[in-house]
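The same chain A turns up in both complexes below, where it pairs with chain B and then with chain C.
Here is the complex of A and B:
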């Protein structure tokens, strides 16, 4: 038998005495790796905060409410990007959540087993598509489609709303929202499906035995039981839409302004960072402002994710909770 | 006595596994019929065939006829059948996101009743029938799941009664309850048969003896014997029945 250790080591491995060096080293190594992740997060926050300091000193909290972005005059504000981020995320949720719920309900409640499994895999595969690919597809497929058909139709039907007025640009807020909607569907539908599958069978039977139809039983017994899990799923989708960069940057048009119209180009927190991170010189106010945008983005995305995971965890963690 | 409900040559499967075979059994109107037998004998499966709930389980299948007022429920719409044949389950299963009131009103709202006065009236009547009104009348807005186990089960009975069914199926309704809660529900079952046809599945023979007019004994998916409760317990015709009620197996 070939054994690549010295005799003593081999004995220590085969008969651990509790103080063997290998064991200790292993514990220390994996422990350090574990702590490194916490340290990394802390370091990230600290470095961002330090680099954002010039901007924070110059503008204070007014930074969040200002619409200026003028590197020449050293005036910076985050409002257009916060606005762009919130609106694109809202469009994403508005369009993506109903579709995701439909998928989740179909997979968990209605589909026969033979369709359920492949469908589940496909949904999870969608989550693995790199976002730049979504962006590319958005640019070459979605943008022409929306510009030619969808936007004019929306303008025709709902043109009385300010959000559907004005010139239709080919890259705009709306298209970015649509791309995001598609990108959050895998997450939202997969987590919602888990929530629906966690609903005990006796709840469905309770509704059916009262003379509920299939849909009525899903509505009164399944969806309402799983609502906090579904809410968590939606928040996870929101978190994803909030921070998504590449695909959005490719289709949003990148204009630092707030427009009432969804058909106008805009900018999100992540797209402005991706577009201008190389612009500011080290130590400059511009770089500080960009880093501060990153800090805002990270903080909000972090909070959304913590909240969402908490909701999902609390729901999935107490499956039988309804009966206690 | 007229027969309200009848199983005619009912067999049921879970996938390839046959759970009950060729069961024919009549249920008298305004009477309580108990189905007893050891675990796994198919007694729950049988009553789940009566309101067509069995077929909602994936790969489950039923053959035979179930006659409600002499019309086959399997030729009817299952939703319509379940509105006439209510059910109470082994484990209390109130809707956790609904208040006491909303739990009871659930079936009415499914039927499109929106009139608050009518809802109030039926909710009150159902809770009274379930002997729960006095205990919850000041807490109608509280979540149904905040009640005790026995109260939750009576809430589920009230919920089933609010749908104004003609038949009430009870699948081991007391198996998760303490003796006091069990006694309350047994009293209730005794009262309910005035207005309803009650079918109760129980593994508790004393319970069958206390509440039922007719008792049926099932074993390994077959109906072994059915008769007046007293007669079945005192003078069983089949040796299997006798062995079971004297505690020699099961």
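Here is the complex of A and C:
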């Protein structure tokens, strides 16, 4: 059969794409890399579980409810760290989310187009500052500021609440929460800004045409429309605050205790790992307990992120919802 | 009269809310300004040739009759760049390949799972990744738990899913018509991907890689459990290695004035490098969008 095309074209037509060896190899190679990510995640869980096994055998689920941490007597429990993590994250969300929402509303709804982009860049610079630099700044700038001015003022005004009672330590839960609040602002404000920008224009126009003021149209037509996206943004912020390590470790005081007062030193899941993992000998119960704390941290962070990504993806559609 | 009053209240509320939103922006800029100011002012005082070449000095305790020397973080600068280079060399090819898979062969529930869990992994705490490599080495290579290679692997695990997603996004921006044109000429699909699609998406991929490096260059927690830190110059992969972020942590939490000063200097250098990477990435991205706008 005479084939009236040039050689390359003929080869291409005779061997349609997908059937050549090069294609097969390339497809297999890139596919392997893709699934390596899933494998890595699975391996992560398995390796941590294996290392945590001695501790799980010794303490079972009681580990989560115990307040002991005594390497000499081999008694370990996770409760003070879970408590510290939850309280600092809660303070971070309490202070950080309203500010982030305000930023998102300003950038998406109120600011003139010309300052929107530069403002976004500047807020994102907060995310480019390494965690340990936040810790350094927190230690030398924020801690003195809060200890001298903010904490006494809070104690004076709201001292009837147990969380603001007792001695004011310079490194404490509250300061750690404030640093975390600053650190989650870029994430929460960026994702909720995207959610607000994804609200169709006719939502706003409908509210305005009924005589709503700009704030009323934002509240009724924009915020409520975007609430699942905003909720996803808040969850992403929670995930970030939950696992943040260095800044917290440097300002929280690192004491394994549960105190009602926010002015008392404490410890989080990540800070105890950063502080103690190096001390646990291989195979020891202490190392097992520390890795089990890491496993708890990972599982909860995993669930928070799965939930948050799901919310954000569903709201923004698969294309844009991907990265912070 | 009553209706008039309500309208005024509504208008007032509108104004107050706008001012509050603006106040939130200002509130977020205060810590940023304070961080930049203190890092620059306190860090700049130690930045001199000694800072870049020397290793850590003898700690200078207040009241002790010792001559205080400034010292430097030369070993930590070398360490940070070695760790960054090594982890990028491991993670960027792998992440890019995974990104190609997601963008070019991306259909079906398994691909969806890879994409979704890659996103979830970028949100996992970095200390978990450090603990993962730490625990792996405790099981498999107990002698090398604290080593440069362990540190590089921990950073690589953090980078891989991020690079995969950013390069996927970059590849997806390449118009389908370009792929179709090349395929219509009879070029096999893998060559279309490598020669046509990858080269069109070059800037986007480089941007993703730079952002990934900016993301892990300042990582401390995973390095604490893997690289381990080193007071001396070292480039050996099987030995503990210093890093700027570790210097900041270790020196900030001591009472010694000259060590604290070095922590601020290291913070200044680290922030300048990280911001440089971010700005370079932004510049590339804007350049590309600009081109697209002209073409479109």
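Just so it is clear, the second predicted complex is superposed on the first by the 290 of 324 C-alpha atoms of A that agree within 3 Å, B and C clash if a C-alpha of one lies under 4 Å from a C-alpha of the other, contacts with A are read in each partner's own complex, and residues count from 1 in each chain.
Basically, a contact is a pair of C-beta atoms (placed from the backbone, for glycine too) under 8 Å apart; a residue touches a chain by one contact, two chains touch by 3 or more.
For clarity, every value in this text was computed on a predicted model and none was experimentally measured.
Touch counts on chain A: comparing chain C and chain B, the chain ahead is C. Of the two partner chains, chain B is the only one that A:113 touches; chain C does not reach it. Touch criterion met: A:213 reaches chain B and chain C at once.
Shared-chain residue A:221: touches chain B; no touch with chain C.
Look at A:99: by the touch rule set out above, it reaches chain C but stays clear of chain B.
With both structures placed on the common chain, the touch criterion links A:205 to chain B but leaves chain C unconnected.
Judged by the touch definition given at the top, the superposed model places A:130 against chain C, while chain B stays out of reach.
Once the two complexes are overlaid on chain A, the chain A residues touched by chain B in the first and by chain C in the second are 213, 216, 322-324.
Chain A contributes residues 8-9, 11-13, 15, 17-18, 20, 22-23, 25-27, 29-38, 40-41, 43-44, 47-48, 50-51, 98-103, 105-107, 109-110, 119, 121-126, 128-137, 139-141, 182, 185, 189, 213-216, 218, 236, 239-240, 242-246, 249-250, 270, 273-274, 277-278, 282, 287, 291, 294, 297-298, 301-302, 304-306, 308-309, 313, 318-319, 322-324 to its touches with chain C in the complex.
Touching chain A in their complex are the following residues of chain B: 51, 53, 56, 58, 79-80, 82-83, 86-87, 89, 91-98, 106-107, 110-111, 145, 152, 156, 159-160, 163. Every residue of chain A that touches chain B in the complex is listed here, in rising order: 112-113, 200, 202-213, 216, 220-221, 224-225, 227, 321-324. Put simply, chain C touches chain A in their complex at residues 10-11, 13-14, 17-18, 20-25, 27-29, 31-32, 34-35, 38-39, 42, 94-95, 97-98, 100-102, 104-105, 110-111, 113-129, 131-132, 134-136, 138-139, 142, 157, 160-162, 164-166, 169, 172, 183, 185-191, 193-194, 214, 217-221, 224-225, 228, 245, 248-249, 252-253, 260, 263-264, 267, 270-271, 274-275, 278, 282.
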